[in-house]
């Protein structure tokens, strides 16, 4: 019996390695962006029924796993408070070094409030560059103002 | 006597509030992006001599403070390991929720390596939107591959 | 010179104790709820110009402090990760004990998403009760769904 | 052999996903609020004998599991000190941002003491709203004053 | 100007050392138990007006400090999560070693619920004993049951 | 093969639930206080040979488990530094709120030293009370003075 | 089924002990430095296809494990934030004691920027010495300057 | 009065910035390596009398500060357990990613023991390189074997 | 006014550096061991009246400081949970590496109980040795058995 | 297959309990001190081939386990940063309370440097005493001076 969502993520990863499937292929099959689809496979988003069945077929998951894919998961994909993986740490470093800057500039433009991490999308692209290719990432989040009451 | 860089940041913030200067105005005076200039004023980047003098004049800083602006600072702008400020936390949350997704997609596109946080730039813009304006952020970092040796 | 928002909070608290002002009186003077007004005085929300002047007058704050009240503060009002104050700890305990329950029930009703802590209001009332009066608190937050993209 | 209460929670969740049972249905069968019933199923409250048997039948639990449901559990439903799940984090954020406000206002109204988290109830409701539906939550806790002795 | 309650505790301690006052004397003057009175002087309980004036006179506190003594303080008297002082650590050790025992035995006697730390009193006494005197402590707290709703 | 003491505790708890044994019954069978006996069953104290055999018979433990009961265990019964269970947290809260008070009063009475947590006993009793029954706990520990050398 | 990279590391270590293979032998077979090869076997670097097959043959790994060796792993080889192993701790101590020195001297020579840990190599050698042999380690990392933008 | 070594470090840094002294100049004046001299100025090593006087003269320190320079300091130069400064973090990352590799290779060469961080030296050099200059660091530590007894 | 014991420790250290007093001289003046006397000066033990006066005279302390020396202090002499100073860390390492060994051997010899850190003395001596002098430390603590009750 | 050293420690402990072997007997069989032998059995030291075979025979270990005994282990024998076991905690308390004293006295005698935890031995003995037997422990570590370079 599958008793948590994490087991489903492990099944997906094990089959992805064994079958050599790419995340682009999964996203194409599901018909959504590669960013959202990957996040959902890794247990951070919720599939609807037809999406879950497509994913289940690709990775040859049992029915029970397909049911779990449609449940809102307990989110959070990192094993430690400060990430140890160098790629992910660089993002944490950006938050740490630029955090106060981001805060100052958004408040200067919008006033008090936040940039949503829910009504949010992300797009990761390669930019070819003679000095070494670059990773370009666009983050887009709705501004949510604090209101007085 | 000024014994650390943090005192200079506090002087800048106190004068910014007292005089009503905006970060856009500082960036225009220095002639660089608002993102880099704000980070530098907040003690995360190093000004060269002429930039430091412009900043010093704007905020009426003493000579000693202008010297400190030209020293590479001990970086890190947040008071806690997990940020408590809601605006900055949303960025930490993006790293936490999407961290493994970002890792998977960059590796699928580029192989093993990282996106640099040093050869890096950031651009924050307002996107007008009838459902509520959005904050759009573009992050651009050079891809640095791990090499065998 | 006042170099951070925390100093303004301390000034407000010191004058509140010395003058015997209540938060109800501050809220009445500002014309907003006691919950929002108290949070703003304690450095968690941002006053506009006229509100800041009213607060400044009540607590006899210097002009510089009134300017700080109009700056979006670095939020987070507790000195430790797990609160040590028994009253505030009970709220942390509610999150700890009921957290997974809240998550399950909101997802069952609304699907995947969150209850906003920004587009949010709170109302604290006394309910008289012969077995001991009760504190009743109403929390209201907009539901923000995760979207596919 | 079942050696802890956590195993029972996992059994309940696995069967809930497999059978498609909702928490409303469990609460109706038990005859109590959905909030308390869900918390109890998740190992935060204690069922009496007849309640435990109803739950056991719904989720097809073995007798031993039904015995565990009647034992006061070691409470605490979150895996980390600061929750990583965005929905639950928003509640932690409320405690963090509004914690000192809540403390000030309850003390202003009631004097020194706490709002009980034991003699406590919670009600979660959807409020339809043209700007996006809202989650409304009512928390009610007995005020317990500190006494001199 | 006194900007927090901790400054008042420091004033009390400094004067206690300088004048050689004992906690028994303070408790006698206030007319309450030595346990509650000491806790209140150390910033963990709230004095009423007449009690505060007696304490203020004993320790020659300024008027402002006497006002602070009547404000419900942010409680928590230890500088670290795990106490380093050997006397206080032994109490933490008792909680650590006997915690699960206490839980089992209270639940066996009373069912699910807690022993209140608010409707609570403590009495510390010396017991003469030929093998070395003993510290005897009686803790008394109201049992608060969890209720279904 | 049983490779640690924790496995024995889990066996005891599982059999206790399955057979409906109470801690009072165990204590009566062993002929010691319910407090010490429960602590020993939960892996915090060491049984001698005859006590271990009585416990082994009650819970139908294998011979290997009975051998483990006679080994001094690695003590500490709580899974987190700050306990999350509300009942046990109240005790941690007492240490946190009253810790400095306890220290002051024991030093005032006895001088510098500690109250032993080893030469120590605990007694938990119900006190009937029309306003709600109370949990009364007597802690008794030998005072151990620091000596000069 | 192998569901994570860590299992492959454990298989490699178990077979290394059982067969008495040295890291030098693995490095010779793969044709790269012993430092990089060991790091890759321990799950910190990514093998290409032919390297993975050589490693797989040496340690008699199943096909699935050989596939995992070619996936960029989640890096980080230590079980605690501060390492407890005395050999590895000495390196952490060097960072702790000499960290600010390293920072000052690299900035004095190169200006603001970092020494890359990605475009990086390491060489560990024994230096014979009559007072006791020494471990000599050469670290070489590209300097990456912060740029203004 | 100077009550700790940290104040002396701050005096040195403030004067270094104000006077524009380089660490190379300090090392030349003292007649030792730039690595050891910088570490000593930053409060990690102990100067002898004549070295302390040279340093005192360079930075115009008071006599009391010169006395503090000759006291073995409490070492540790970083403000957080995991460094937030990107340059120093890269070193922590090396320990984290390569830690187990370093351990394996030193044990393979030397057997069980450690590389000393006390009988230790460090040399930091610039290597010119057409693809970008490199930071080369040589660490040399005596091997200390564990002995049986 | 002196408001805590830590200020007295700083005064002692500042004067010790300024006057060049050794701990041996203090111990000789007080007439006790150097270990206990140093610990007491550093705020870990309590002096009686005549001892405090001798110490006060040596370090030219004000009367108020001499009063503080006779108060049982809040003990704990290290600024971090894991010490960063290499000398002190080696002791923590001994506890970490040999902790379970110490536990096993004391229990094998004495049964369940502890070695007291209160009825305890320490003696630190230099042992001349041609291979390098050694630090020899003798720790002596009363064995305190757990008792059944 | 045995995939880590910890499994071997668990096998040794399980067999020690089952067979009633003492550490003294193991030390006698191996021909070394009880302190070193116990540490090695608990995975903190490395046996050579003949020692490992003796240990393997005593505890009836499989060949694979005997190979693991000859591998330098990842050291650190405690499950938490601050030990919860009262016996081991007393040692941590000694480091915490006496740490700064130990540092001051070793530096006063030897100058700047450390007491080695590698070139180190420990001897634990019972001292009979009419007031209660004492545990006497002798620690002996080579002094390693910091050198200038």
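Some points to look at:
Lettered A, B, C, D, E, F, G, H, I and J in written order, each chain numbered from 1.
The working rule: a contact is a pair of C-beta atoms (placed from the backbone, for glycine too) under 8 Å apart; a residue touches a chain by one contact, two chains touch by 3 or more.
Source: prediction; values computed, not measured.
Within the contact network of the assembly, the step distance from subunit A to subunit F comes to 2. If you lay the C-alpha trace of subunit D over that of subunit J, the rotation comes to 145 degrees, to the nearest 5. Compared on C-beta pairs in contact, H-I and A-C come out with A-C as the pair having more.
The centroid of the Cα atoms in subunit B and the matching centroid in subunit F are 53 Å apart. The geometric centre of subunit D is 28 Å away from that of subunit F, both derived from CA atoms.
One finds 48 Å separating the Cα centroids of subunit B and subunit J. Annotation for subunit D: residues 35, 71-72, 74-76, 78, 82, 84-86, 93, 96-97, 100, 103, 107, 113-114, 116-118, 144 touch two or more other chains.
In terms of which chains touch, the assembly is arranged in some other way, matching none of the line, ring, star or all-to-all patterns. Touching pairs of chains, sorted by label, consist of A-B, A-C, A-D, A-G, A-H, B-C, B-D, B-G, B-H, C-D, C-E, C-F, D-E, D-F, E-F, E-I, E-J, F-I, F-J, G-H, G-I, G-J, H-I, H-J, I-J.
Every residue of subunit H that touches subunit A in the complex is listed here, in rising order: 82, 84, 86, 89, 93, 96-97.
Residues 22-24, 34-35, 38-39, 42, 44, 75-78, 81-83, 85-88, 90-110, 113-117, 120, 122, 124, 126-127, 129, 131-144 of subunit H touch subunit G in their complex. By the touch criterion stated above, subunit A contacts subunit G in their complex at residues 10-11, 13-14, 17-18, 20, 79-80, 82, 84-86. Those residues of subunit B that touch subunit H in the shared complex are 1-4, 64, 67-68, 71, 74-76, 78, 81, 117-118.
Considering their complex, residues 32-33, 35-36, 45-46, 71-72, 74, 100, 103, 107, 111-114, 116, 118-119, 121, 144-149 of subunit B touch subunit G.
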